[in-house]
Amino acid sequence: MHNVDLAVIGGGPAGLAAALAARRNGVDNILIIERDKELGGILQQCIHNGFGLHYFGEELTGPEYAERFIEMVREENIPYKTNTMVLDIQADRTITAVNSREGLLKIRAQAVILAMGCRERTRGAINIPGDRPAGIFTAGCAQRFVNMEGYLPGKKAVILGSGDIGLIMARRLTLEGVEVKMVCELMPYSGGLTRNIVQCLEDFNIPLKLSHTVVNIHGKDRLEGVTIAAVDENLQPIEGSEEYVECDTLLLSVGLIPENELSRGVGIALDPVTSGPVVDETMATSVEGIYACGNVVHVHDLVDYVTRESETAGYHAAEFIKNNNGASGSEVHRTIPGKGVRYIVPQRISNNSLLKGFKIFFRSDKVYVNARIAVRCGRQVLHSVKRQKISPGEMEILDLKPSHLENIEVSSLAENGLTIELEY
Amino acid sequence: MIFDVAVIGAGVTGALTARELSRFDLKICLLEREADVAMGTTKANSAIVHAGYDAKYGTLKGKLNVRGNVLMDQVTRELGVPFKRIGSLVLAFSDQDLLTLRKLYENGVKNGVPGLKLLDRHQVMQMEPNVSKKVKGALHAPTAGIVCPYELAAGAVENAVKNGTELKLECQVQDIKKIEGGFVLATSQGDIKARFVVNAAGLYADLLSAMVNGPEFQIRPRKGEYLLLDKSQGNVVNSVIFMPPTEKGKGILVTPTVDGNLLAGPTAVDVSDREDLSVTSSGMNQIIKRAKQMVPDIQFRDVVTSFAGLRATPDTGDFVIEASRKAKGFINAAGIESPGLTAAPAIAEYVLDLLRQQGLELKPKTDFNPVRKPLLRFSEMSDKEREELIRSNPMYGNIVCRCETVTEGEIVESIRRPAGARNLDAVKRRTRAGMGRCQGGFCTPRLVAILARELGIPAEEVTKKGKGSKILMGEKV
Amino acid sequence: MEERKLTCIVCPMGCQLNISLEDGKISSISGNRCNRGSVYAHEECTAPKRMLTTTVRVIDGFHPFVPVKSDKPIPKEYLFKCMNLIRAIKVKAPVKSGDILIQDICGTGVNIMAARTIPRAEKQEVS
């Protein structure tokens, strides 16, 4: 048995930032466990730029953003193991991991931070009818082939889903000489950033077909084409709108979901909407001493916010360790997604948070123009701000200051929770 | 070189037949048109070992189903194939259904199915608390079970090859000619001569039979679509759950799989194309609707994949297993639709009898080894076993597929074995790598690299399922 | 006179800009909700530039490719020309983050630099 103060599961941006924050808050004995052959996580294959504007005040590529944190981890001498996969976590914070050099590892940690990131939704999850040929990739899988292994997935591609990875891959493939025929998006709006629609699609005259989906896949061995169709307001294909598009490659960029197997295995309460752990404002999960941060909690659109969130987790995991594993004992209340709000992180807030203030992250359920975000406890409106545009593709952040919270009644909070809603 | 027996088709029928033949002092070849074994009906069916109450008394189906069910224990044990006798329930929701169950029960008793029982509503709910509250009764068959069909076929081929059978993949039989004392098979790999021929060509068995016998029967592909659900749904039911059968088949069923997933399906649609494995939205909707009638709480948002298989439905109504009346030494093992998987070990036995009657001398080999060790499964091992394994071979400490916890050691072993994997799907079927929640999103690049290394080919030559299905379109630049 | 439509990317609003051009010069802009939109439109219509990120083959490296980026935005019309040049080169490991791999690419005054460090390969292994 190997004893550590803090075990961080995952050496991507979340894990690295959390480990650094814990070290800076006085934790000596930390171990980062990474399943890939190097630190950095998915950022290593995100070679495009646009990372770090909020955190570093400059635009970096994914590998550059990762390298900055990897360097800091090395400077701080934080130990890490690569090529090492965590198989199991117990509620007493005993971790079973495996690698080929050391075999099976048992690690006992005072605190654990879950930072395993997310995975891509697949064809099965969205049930596209048709054949089962080669040539269908999730966008991230294709990204790894192109950017890290140096192979092209095909010559003519259709991309389903206009999330950022799909848009970025449209540009990437085009630059590498692949003909990207179109990007289809089921919803009437894109799930990606406007900037990416302009620079990845419009720059190269790639059509973005909103309210369209792939309804059939053709080709026995290798993909030969897809049938696309327009969808109605219930997202059902409209008969007669079908169109055959010849292509040898279909990229799926149809959403991400937190890697929640370890979280589920240890018995952590999960939020059915985010599919990630329910956390409080310190990023503590429902199991004492286990914290979570980054895309394993909810899918972010900017890595900068992952870093910030992970620093919160690292800081508070350190506090937990320093207090001899004492939980804060503070009373906990719910946050409630109100009208127009799909989910909120954190799902729980403690009384402690009322004195210090905290950040609320949420996503809307559709696009709203000139809407107001209201924070209320029962009938009492604590805070309200106006936004020109709120869309599900861009995570909203609300900074609740102690001044917004000073008039709140704890009994009302216990009874009603804290509701975030949109007024439009 | 003249083979004693050429078996055409490495599905579960051909595989088990070749393996039975490999017990004897014979030169055998097993010819398969696809790039892997078990690529036809065997790889996409319900994976059920039927008890045998359904097939009509007096038919070959009925007889071989019950016999195959009995043989299944030994054959799966010898070949190291997962098989669980979890029992089956046919649910009744109306008085009409209850009548059907009684008829099934009586037919089953005549077929010699052991342990059949008619249950009342209360007994059903006790056995399966998640079935619809509207259930009125059920027929319980404790000898029914679930098996991994492609592992059964792959294990049988591997064992046959170990015992001297020659396997030829991507070898399509284009013509068959009767010659003095045997046959010449014109194949995509040249002529092959054999004294005896077993036609286990599944969906194409009628066409092959016609080359020798002229048109005697027809195979009509009947498509069945399935939905495979995540392991989170694998415990919704404990046994195989059926609706009462109709003339089109046993209808849509819900069952746990040997790997712990939940399987729902199949639909039954006659199609003309023998290669049409497409899934349809209407099929998927039908499965969901019917499955929910039986087990309302299934979470279909946890579907990991959908797929379709084609049943080789003969126009004769029964299995076509017989020696040719026109060409001595040619045996058909055709029209193997449900309960073909269950019957397969009995079909192999039966085909050997026919070969013997046709004059094939079966002299037992002294060195036949019936045992095939299963691939090691890291995910199912104890910590102690894992530690020892990694010490002896560090590749077992490198997890390649994260969702199913499959190690590099298992993948390499699946490729290096006799009759091993040659492509991505073949690795997936043998090891489950890429079969989990992310459906290969993470591990495909690694699997491609391992296949390329082990097969000694460039990564861009690695295929999904044989010729024409390359995964990558070449290197960048 | 030429009409152009652009989507402003300065903020999440994504204003649809309608621009009238006369002899390549902007005569009017509408649809922008703020002045930043007009600045963006001027840039886009007169000298649009883009950052270029791609990869370069590495010999004997821990990875077979190194991600690279332009150290400044490149005039948009040069993107594909630059790609052809970048595709043609190979570098030997180790590569250090910030190493200039191509100087003054296509005479644009822009350098192509490594966007991460790639050490030498340890030993051949599939990971």
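Per-chain numbering from 1; labels A, B and C assigned in written order.
We take it that contacts are C-beta pairs under 8 Å (C-beta built on N, C-alpha and C of every residue); 3 or more make two chains touch, one makes a residue touch a chain.
Because the structure is predicted, anything quoted here is derived from the model rather than measured.
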Chain whose Cα mean lies nearest the overall Cα mean: A
Which of A-C and A-B has more C-beta contact pairs: A-B
Chain B-chain C separation of Cα centroids, rounded to whole Å: 52
Between chain B and chain A, distance of the C-alpha-averaged centres to the nearest whole Å: 39
Distance from the mean Cα position of chain C to that of chain A, given in whole angstrom: 26
Chain C residues counted as touching two or more neighbouring chains: 55, 57, 127
Chain A: positions in contact with at least two other chains: 83, 148-150, 176
Chain B residues counted as touching two or more neighbouring chains: 398, 408, 449, 476-477
Contact set on chain B toward chain A in their complex: 227-228, 275, 277-281, 283-284, 301, 303-307, 383, 386-387, 390-391, 394-399, 402-403, 405, 408, 437-442, 444-445, 449, 459-460, 463-477
Touching residues on chain A, where the partner in the complex is chain C: 36-38, 44, 47-49, 59, 61-64, 66-67, 83, 147-150, 175-176, 193-195, 197-199, 202-203, 388-389, 391, 394
Sites on chain C touched by chain A in the complex: 6-7, 9, 11-14, 33, 50-55, 57, 62-65, 67, 69, 76, 79-80, 83, 97, 115-117, 127
Chain B-touching residues of chain A, taken from the complex the two chains share: 35, 83, 85, 87, 96, 98-104, 119-120, 122-125, 127, 129-135, 137-138, 140-141, 144-146, 148-155, 176, 215-217, 220-222, 248-249, 261
